[in-house]
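Please go over the structures that come below.
Shared between the two complexes below is chain A, which has chain B as its partner in the first and chain C in the second.
Up next, the complex of A and B:
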């Protein structure tokens, strides 16, 4: 976890995939390895005479993600991070370049021949409303990878539900009976079903209420630790990535512009774009100089108990406003509650610097 | 789902559909008279003996209406059955095929869509001899594009959802995805389309029978009754009005039912 990865270096290392016996050994076969990956999309032709427009979604990305690493991918929408992630998970194929998962190439394989990949690599999606089939019961949803891969189901669904903090009677209900946060828990349970080695999370908390983000992030944190997973975490939200990841790559217009250990990148961003991104994140610390997370939590509880707030999110907003007023900072840029709530480098009582 | 509300079109349409079904069922156990020439005066107006009167061959009109309901349902089931059984897989296939092939299917679909259903039915009748079944298979074939289109658009929405991506990551192939995710999520559209197409098929049968190409003489059909009433329209208008009203109500019923069902099944309207 506290692994001080060096900023990315393109290793000219040997590419001998251990076919057949991949295992999770500590050797340096990367969990995910990308070599010069490009992806172009051809826009539909709009005119008979001119050539169709080509969108270069991912440009020449070379990247290694070590087993057990928590890797973050940051970029604004349209930066190509989702495309990259789809290619890593075999949902899309690169126009050129090579992708190896645990040493095995996947870029040329048809979906049919990627069966083995499905046991190694699973996804958690962004939208909790559309990532679960509304017509399926939770039991069927979670056991889908098991059924697809012919793994006996046994009591696995119940175990997984408990693991992600849901009661076992959830199994017989339908997705619309759950909140966004609970749905993401179900998504995580489904991803864990085939005992994968690699978990890819595509903006798993972006669609959630601020008040439940922390819970889902903590869950992902826990399962990555508990199952010793390699995590690839995609987000446009820098503070969330900081909370979760050891190493971060910043993408812009299909290219990785900067890559490095999380703290280093946050403290000392090299690329102008990274600096710009970081500058655009409003700093809660300004408003809360000298205050503690516990204090904010206390305010939240007070607001919740009082008349002002009807739910957690509203209470949080009130608490933030209060803190801001005390610190003499007027409204404007919204404070990022995650800066407090998600920062796992600080204890609850720790001072926010 | 929890917030669903029954709406007026659904209830009224449902009642009319049930009425047609009830008439067809009743005709199996009871009709006022036999369907044949009776030794009674012709062209009677509705009266105590013959509730809806008699036609110009002195057959009881109510008997014909009840028996005709069978024909009406039969044509609907055949036409919609043919259209759905062929159209739904075509729609799903077109949505799930990559690039060119799906487009190719839909262009073929467009060509078929350009054919008027009645014209196709008349062609079929000319080629294979008349009869209700032949005519309705033709109507069914002409209705395939309607199903294929609506299913394709629904299926396209489904296959772009994250749960289908999740299913692919889980290891399911296209067939399993079509069966487990696409079909269950477009079946509502199919049911709605079916009830609307049912109404169209009823109308088509009536029109074909009126033209003398559908249900043959000696077989009760509402369209046929219209045809036979035409020469006596000036002195016995009820012989046209009664089957006309039956057709209108059945078509209205299935249309309202389809509209109501669409609203009922639409999750976006849930809880309104």
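Up next, the complex of A and C:
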């Protein structure tokens, strides 16, 4: 499992299927299949004479997600996890490589021809306020995917509201009348409306309070079981991913550096970066047993030292830049935040079909 | 309870660099540590809406106290009231006193408060980008807090600024001093903010979610840095967070807020290891992802029913009673503070306000 060599060879070339899919037949069509997926972004030009810098946001990712699997994707900010997720859901296109959803390629189709994908794959986003239209009533929000698909609405909205634990009179209200946790329930109901096979959740509980987080995690658990969904769950919170997922991939600087069954990866991390992440997470049980901030930082430094960061300054630099796909661009030490800014929304480097 | 001072110093010992010295000179486990911050009966209103109810606590010299609670519970408001930074139209009543200053801080003039802020008390905010001035070089921003309060010598201040930036572990402090905030990464900016806050060796450092915006590896390093800075100066710290694991790592004592009241307080190991208030119990259980993993299959997480009400809509009496499974009629009254054990910082340092504390039920 989980290759410990250089990060470049860990996820394997485009032929070798990824590890960590035990006990399933070989010929089952994966729910999501990525083959050698790359995504490059071009920075805005800063000079007339030199070419703009290219950020390699996702590098050669090859991955199969089985139907019914709960797949987790962890990584720090800038590691490329959101870019990968956007490509999986047809919101962005790879520079090169192939993406198949339930056996059908999506990388070359225009958004208009991906209508079928929206019926099979739905998303839940991080911020439940900005992902719900404030001017629409809950009924309209939840039935919008149905309208877009031309599916008759029927009594589906009420069923869905009940299914996610909201009363049916919520249908006539507006998003601002709900708390964060309730809004996230509405997002889940909307995602479930077209009866998708795949649910992609991008940091769905990061904006929620602890007591509400548990409710929403339980809800996701219930609907994934109840609707027999394939779940792709993206988070920077390692303990949440551990709770939710069967298999986890760790991303760093655009690459998957380690992938494996959840418990195996958490208990016996192979890649230094995974070790470093796990070493840095504060845990309540350990803190109550007496671990101080100094000890926590010491563990982090030890893990960073394993990667060559010998003093505090180098450790900080590695901790901050090591995970980023755009680190080290422009020849500097990778420290300049202004370079790091614009990469998310720039879309110049994609293939022109 | 004697374990907490040990934990406090354990951190310093593990990290033998230049600091440690001041910490060792602190009195060993002295029973009467000086009280640095006293907050008594703090009420905050916005118009007719009561946002904070009778908040009472104190922090001693060298003590690190956490303030936890969900959003809307009033933790940031408490910090802002202490710092005299409440928005216009938000009024505070009660008492806030800082050691060595007899005046009541709540009624103090803005002029008086601005003498104290940045000098005797300082604050680290969640978002380091907005805490720094984007049009000013970082070195000048650190030097400014020195010239404002201590020295008229700009050159000495600039030299000291570079020193301070070096102390917070920034690579090449001279270069950092010459850069603008946007040229730094999040973790670097937060270190600059820490350097500014610690520049004048404050008596009290207030941190409002200082690492929430940072990635976990950077968080581990920055938390250590803040704790070291506070230990070196033997300062008191009020640390606000919603992350129970972070508060348990950083603090010795913790205050739990809900609905604008402190519902439970005490040493971290007691409050989070053996909570008494039903809200704290629910909060600890809901964040315990490890428990759900043990046992056959996937266990649902424990939850607290319902949602956090918006400000001003909390029930009268016990603020938690509309979400509490144990609430009875008696909870319509405000529960009295029940001290738990004896704590050197007084009865409000350790205790809870609950009519049906954990363990009081008969049939469970």
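In the analysis below, the second predicted complex is superposed on the first by the 259 of 353 C-alpha atoms of A that agree within 3 Å, B and C clash if a C-alpha of one lies under 4 Å from a C-alpha of the other, contacts with A are read in each partner's own complex, and residues count from 1 in each chain.
Going forward, contacts are C-beta pairs under 8 Å (C-beta built on N, C-alpha and C of every residue); 3 or more make two chains touch, one makes a residue touch a chain.
Worth saying up front: this structure is predicted, and the values here are computed from it rather than measured.
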item	value
Which superposed partner A:256 touches (first chain B, second chain C, both, neither)	neither
Which of chain B and chain C A:85 touches, first, second, both or neither	neither
First, second, both or neither for A:243, with chain B first and chain C second	second
Partner chain in contact with A:63 - chain B first, chain C second, else both or neither	neither
If touched residues of chain A are counted for chain B and for chain C, the larger one	C
Touched partner set for A:277, first chain B, second chain C, both or neither	second
Which superposed partner A:76 touches (first chain B, second chain C, both, neither)	second
Partner chain(s) touched by A:122 [first = chain B, second = chain C, both, neither]	first
Complex interface listing, chain A residues touching chain B	89-91, 111-112, 115, 118, 121-123, 125-127, 130-136, 141, 144-145, 148-149, 176, 187, 190, 193-194
Chain C contact footprint on chain A (complex, rising order)	76-77, 179, 181-182, 209-215, 217-218, 221, 236, 238-240, 242-243, 276-277, 279-285, 287-288, 290-301, 304, 312-317, 319-321, 323, 333, 335-338, 340
Residue ranges of chain C touching chain A (in the complex, touch as defined)	3, 7, 10-12, 14-15, 70-71, 169-172, 182-188, 191, 215-221, 223-228, 242-246, 248-250, 268-269, 272-273, 282-284, 286-290, 292-293, 298, 300-304, 307-308, 310
Of chain B, residues touching chain A in the complex	1, 161-163, 165-173, 176, 180-181, 184-185, 267
